[in-house]
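The same subunit A turns up in both complexes below, where it pairs with subunit B and then with subunit C.
== the complex of A and B ==
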C-alpha cells in the first residue's frame, strides 16, 4: 500500500463521517417527531408513521439506495449520489430512532406528566422541561447504539458511486491484489469513529449526572 | 460462442471472462418497482439525438475490476477506460464518466441513469434480450489458476480438489458445469466449491493453501500472475469462450451503431489491439463485428 492508498481510505472516512453525521442530524429529530405523533395518537398520522417505520425497517439499505437513485427518476425526481445517499441513511436511521424515542415515551412516568398538568404548565413547556430531558437521558445509549450501526451501514451507499471507507479499501485491494492491509486499516478507522461516538455519549452522560448532582 | 472458438487461432484462444451474474437481485426488484410506479415512462437514457443535443454521453465504469477498470492514485484507468478515451476522440460529443461498483452498473443502464456501461460485461444469453451490446471489445474464457508449486497439471486433476470462485459470477456457473462434466466422465468431481464475495479474497486463500485452485477469466488470472510472480500459475480452460462488450439500453440502436463504428475504427488502426496487449498481455484479433 502506498501513502496515496492510505490517504484515499482516510478520505473515504471523511465521506463516511460526514454522511453519517448529516443523516443523524436529520434522522434523530425526525424520529422524535414521528415518535411524538405515535405517542399522541394523532388520527391518521399515527397509522402513517407506523407504516413508514414498518416499511423502512424491512428495506435493506443497499436496496433503499438503489431504489432512491435509480427508480425515483422514473417519477421525475433525479437526485445526485450524495443527496441520494444521505436520504437513504436518513430514512433508514429515522425509522429506528422513532422506535427508540417511542419506547422512552412509553416508559415515561405518567404521574410526572399529570403533576406538570396540575401546575398548569402549557403543552410546550411540559414537553421541554419535563418530558424531553428525561427521554433524552433514557434514549441516549440506544440512540448512540443506532448511530454506530448507521456508520457501519453506510457502505451501502457505495453502490451509488460514493467512495466511503469500505469502497476505498476495496479499490486499493483490487489494485494491489492484497486486500488484507486496506481492510485492516479500514477496520481501524471504523473503530476510531465508533469510539468517538461512544466517548461523546460518556461525556454527555457525565455532564448530565453532574448537572443533576449540583441542582 | 462456438463460432468464436473456431474463429480464433489456437494461440489466441485465451479469452477472459467477467463476473457475470451478480446482475443484482436488487436490480430486478428495482425494475419491478420502477415499472409499478411509473408504468411506461419516457426513457431517460438519451437517444443519439438527445445525447448530441445535451453535448455529452454519460458512461458508467467500474472501480475494482482490474485490468478492465480500476482506480490508481485516484484516477480511473484500465483497458476499458483507455479504450473509451480512444473512441472519445472521434465521437461528436463529450464523455462524462462515472465510476460506480458493479452492483449499480447494469441497473443504471436499464433505468437510463447512464447511456452506456463501458465495462467488461459478459454477453450471456440471459442478458442479450435485456441490453443493446456493442461489438466485442475482448473475449473471455474461464480458466483455473493454482499455486505455482501445485501438482495440478490438467483440468481433470481438479477431481477431488477444493476450488474457489466469486459468488454469483458466470465463472462460478462455469465451474459448476465443469464439475458436472467431471462427474459425467466417471470422476469424483470437485470436492468442494467455495464462493467468495470478491476475487482478491479467493486469491488470498489460494496463496495460503485453503484452496487448490481458483477459477476466473483468463485475462484476470494472467494479470494476477503477472502481479504476484512465483505465487500463482495459470491452468487450463474449464469453459468455452464468451464475448465481452459494452452494454447500452435495449433499443438504443443509433447509439450502438455509433459506438460500434468507433470501436471498429480502433480495430482498423490497431489501437484496440495495442491496448489489449498492454492490459491483457494477449490480443483478440479475430473477433466478429457483432456480439450476437
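== the complex of A and C ==
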C-alpha cells in the first residue's frame, strides 16, 4: 500500500463523514417533526407517519438506496448518486430518530406541561421553553447511538458507486491484490469516526450538566 | 401498473430470493442466538483476561460496519489461506457479527438478574453448566426478548448487504429482475414490502413470546 492508497481511503472517509453529517442534519429535525405529528395525534397524518416509520425501519439501506436511485427517475426525479445516497441515509435515520423523539415525548412529565399551560404560555412558547430543552437532553444518548448506527449503515450507498471508505478500500485491495491492509485501515477509520461521535456526546453532556449546575 | 404485472409474471424470481433470505436469516438468527448465549459466559467471567478478550471481540464488532466485515471475510481471509464460497462467507459473517450484539444484550440482561435467584440455585445444588442452563439462561432470554426481536430485524436488514458478494437473496433477485426487464420501481417495492412483512411477523412473534414469558413469570 502506497501513501496514495492511504490518502484515497482517507478521501473516502471524508465522503462518509460529510454524507453522514448532512443526513443527521436533515434526519434529526424530520424525526422530531414526525414525532410531534404522532404525539399530537393529528388524524390521518398520525397513521401515515406510523406506517412510514414502520416500513423505513425494516427496509435494508441497500434496498432503499437501489429503490431511490433506480425507481425515482420513473416518476421524473433523476438524482445523482450522492444526493440519492444522502436521501437514503436521511430517510433511514429520520425513521429511527422519530422513535427516539417519540419515546422522549411520551415520557415527558405531564404536570410540567400543565404548569406551563396554567401560566398561560402559548403552544409554541410552551414547546420551545419547557418541552424541547428537556427532551433534547434526554434523547441525546439515543440520538448519538443512532448516529453511530448511521455511520455503520453508510457503506450501503457504495452500491450506487459512491466512493466512501469501504469502496475506496475495495479499490485499493483490488489493485494491489492484497485486500487485508486496506480493510484494516478502513476499520481503524470507522472506529475513529464512531469514537468521535461518542466523545462529542460526552462533551455536550458535560457542558449541559455544568450549565444546569450554574443556574 | 404494467410494471407490477411484469413483476407478478416473474414472481418466481422474487420468491426464490425471498426464500433464500428467510433461510439465511433463520440459520444466522439461530446461530447468533446460541453463540451469543454462550458468549455471555466469558463476558460475565470473574477472570479478567477471559472477560477482556470477550469484551474486545464485542467492541470490535460494534465498530465495524457489517459490509466491511463481509468483505473482510470474503476477500481478506483468502490471503491468509482461508477460502469460502459466497454463501458460507455471508452466513458466517452474519453469525459472527450478530453473535457479538446478542452476547452484549444478553449480558446486560444477565447483570440485571437478581442475585437471590442465583444464590437459590446454588442452594438447590445447581452449579456450573446446569446452573447456567436451568437457572440463569431462561430469565435472561425472557427479559431480553424485545431487544432480541430488534436484533433479529437487524439480521434481516444486514442480510441485504450479501447482495454485494452475489448471494442470491431478495435484494439481489430484485436487482436482477429490474436489470432484465427494466422494472425498477415495482421490483424494489416488492422487495421492500416482503422485508416489511418479514419484520412485522418477527415483531408479532416476539410479542407473542413475550406474553408467554409474562405468563410463566
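The criterion applied here is as follows: the second predicted complex is superposed on the first by the 215 of 215 C-alpha atoms of A that agree within 3 Å, B and C clash if a C-alpha of one lies under 4 Å from a C-alpha of the other, contacts with A are read in each partner's own complex, and residues count from 1 in each chain.
Following the convention adopted for this analysis, a residue touches a chain if its C-beta (ideal position, glycine included) is under 8 Å from a C-beta of that chain, and two chains touch if they have at least 3 such contacts.
Since this is a predicted model, take the numbers as computed values, not measurements.
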Clash or fit, subunit B versus subunit C on superposed subunit A: clash
Touching partner for A:102 - first (subunit B), second (subunit C), both, neither: neither
Contacts of A:186 with subunit B and subunit C, given as first, second, both or neither: second
Partner chain(s) touched by A:8 [first = subunit B, second = subunit C, both, neither]: first
First (subunit B), second (subunit C), both or neither touched by A:178: both
Contacts of A:170 with subunit B and subunit C, given as first, second, both or neither: both
Touched partner set for A:155, first subunit B, second subunit C, both or neither: second
Partner chain(s) touched by A:74 [first = subunit B, second = subunit C, both, neither]: both
Touched partner set for A:62, first subunit B, second subunit C, both or neither: both
Comparing the two partners subunit B and subunit C, which touches a greater set of residues in subunit A: C
Partner chain(s) touched by A:126 [first = subunit B, second = subunit C, both, neither]: neither
Colliding stretch - subunit C into subunit B, listed as 37-45, 55-63, 73-81 or 199-207: 73-81
Set intersection of subunit A contacts, subunit C complex versus subunit B complex: 62-63, 66-67, 70-71, 73-75, 158-159, 170, 173, 178-180
Partner subunit A, residues of subunit C touching it in the complex: 62-68, 71-72, 75-76, 79-80, 153, 156-161, 163-164, 170-171, 174-175, 178, 184-185, 188-189, 191-192, 195-196, 198-200
Touching residues on subunit A, where the partner in the complex is subunit B: 2, 4, 8, 62-63, 66-67, 69-71, 73-75, 78, 158-161, 163, 167, 170-171, 173-180
Touch list for subunit B against partner subunit A, complex: 24, 26-27, 29-30, 33-34, 37-38, 41, 44, 63-66, 70-74, 98-101, 103-104, 107-108, 111-113, 198, 200-201, 203-204, 224, 227-228
Subunit C contact footprint on subunit A (complex, rising order): 54-55, 57-64, 66-67, 70-71, 73-75, 151-156, 158-159, 165-166, 169-170, 173, 178-180, 183, 186-187, 190-191, 194
